[in-house]
Amino acid sequence: MAYEADDDLDAGMDSPHLPKSDPAVGGIAADRLRSVIERVERLEEERKALAGDIKDIFSEAKSAGFDVKVIRQIIRIRRQEPAEVEEQETLLDIYRRALGM
Amino acid sequence: MAYEADDDLDAGMDSPHLPKSDPAVGGIAADRLRSVIERVERLEEERKALAGDIKDIFSEAKSAGFDVKVIRQIIRIRRQEPAEVEEQETLLDIYRRALGM
Amino acid sequence: MAYEADDDLDAGMDSPHLPKSDPAVGGIAADRLRSVIERVERLEEERKALAGDIKDIFSEAKSAGFDVKVIRQIIRIRRQEPAEVEEQETLLDIYRRALGM
Amino acid sequence: MAYEADDDLDAGMDSPHLPKSDPAVGGIAADRLRSVIERVERLEEERKALAGDIKDIFSEAKSAGFDVKVIRQIIRIRRQEPAEVEEQETLLDIYRRALGM
């Protein structure tokens, strides 16, 4: 079986990638590893919840008659510097005209 | 200039995509649109902060001597059902052997 | 070692996930598995080469004085239906005015 | 309408972002811009076709009884250096044991 514990893996416990471990594999490094993993998992849960909240707001906006794609574009524009937005829009107009669009 | 206000755009305010608007464009629908956008922006900020926190934990783990790529793999495994993990690892062994890897 | 061949894995060769295998693991199913993998790898190589070609064209365009971000936007617009583009741009104008942008 | 041609945009044709343009907007720069866009669009088409081909191979593999997720993992492993793969698998075993997984 893959990932089965082999006796000779104990040697690896002194690896630089599992710091301050003890032979019982229940020591400080294992605790630290577990803490890292659990903290990341908790934060990932929160991120997922926020993503759900954002999705709900957009669903609600759509039900209220707004165009979600355009709202996303507005949010993208608000993230940029106004001068940059204006320059890009001017260029977009120029390129479109050059292409006859 | 693109996106400049034209008088004839006021007609568009009765569009189903900007509900309950008033001629002054400062009415209920504009407030609602602004509320949608600001709530999403706030939640996006929080998501970004969480992403930063996760990055910090991984940096700290790396400094402590852990292999971040392997920790990510552990987190991926923990998200799956144990039976599914075991089945996939068994198949991986079989496929590797079949390929002489 | 992980993924090492164990004798009892041979039983798994009759699994539905490695079809028509023979005990020598060098039979038809292994050949087929290898063929699947090598064809995918070849196509992935081609995709990577195309991505490189696209990047080169954009680099060249940038050197010629074009704004790459705006060119990408043009390409995105050309992918959409003209009526859809026009509707979204009208809505974008309306939303921006409603927000005083 | 947004992106409508205004007379005063002609001034912008001397912008560094539309090189070697002529007043008719049909000159060299427009041709060059069009060429850039059409070449990228063609390459994007090819990439899309390749993505379709890859998807077809995986569908075919699935129909033949293979586990597509595991095949993808095999391909990922083959992309890495064998020594790196082995090191990561050893670490994965160690971390799992430390966590009692």
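To keep things simple, chains are lettered A, B, C and D as they appear, and every chain counts its residues starting from 1.
Following the convention adopted for this analysis, contacts are C-beta pairs under 8 Å (C-beta built on N, C-alpha and C of every residue); 3 or more make two chains touch, one makes a residue touch a chain.
Owing to the predicted nature of the structure, the values given are computational and were not obtained by experimental measurement.
**Q** Keeping to the contact definition above, tell me which chains border both chain A and chain D.
**A** Chains in contact with chain A as well as chain D: B, C.
**Q** How many Å are there between the centre of chain B and the centre of chain D, using C-alpha atoms for each centre?
**A** Computed value for the inter-centroid distance: 20 Å.
**Q** Could you grab the centroid distance between chain A and chain B? Build each centroid from C-alpha atoms only and quote it in angstrom.
**A** Chain centroid spacing, chain A to chain B, equals 6 Å.
**Q** Note the residues in chain C that touch 2 or more other chains, in rising order.
**A** 1-3, 17-18, 33, 37, 67, 70-71, 74, 78, 90-93, 95-96, 99 - these are the residues of chain C that touch more than one other chain.
**Q** In graph terms, nodes being chains and edges touches, is this line, ring, star, complete or other?
**A** Contact map by chain: complete.
**Q** Which of the residues in chain A come into contact with chain D in the complex?
**A** Interface residues on the chain A side: 3, 5-6, 9, 12-13, 15, 17-18, 21, 25, 29-30, 33-34, 37, 90-99.
**Q** So in the complex, the part of chain B that touches chain D is made up of which residues?
**A** For this pair, the touching residues of chain B are 1-3, 6, 67, 69-71, 73-74, 77-78, 88, 91-92, 95-96, 99, 101.
**Q** Can you tell me which positions in chain B touch chain A when the two form their complex?
**A** Touching chain A from chain B are residues 1-3, 16-19, 32-33, 36-37, 39-41, 43-44, 46-47, 50-51, 53-54, 57-58, 60-61, 64-67, 70-71, 74-75, 78, 89-90, 92-93.
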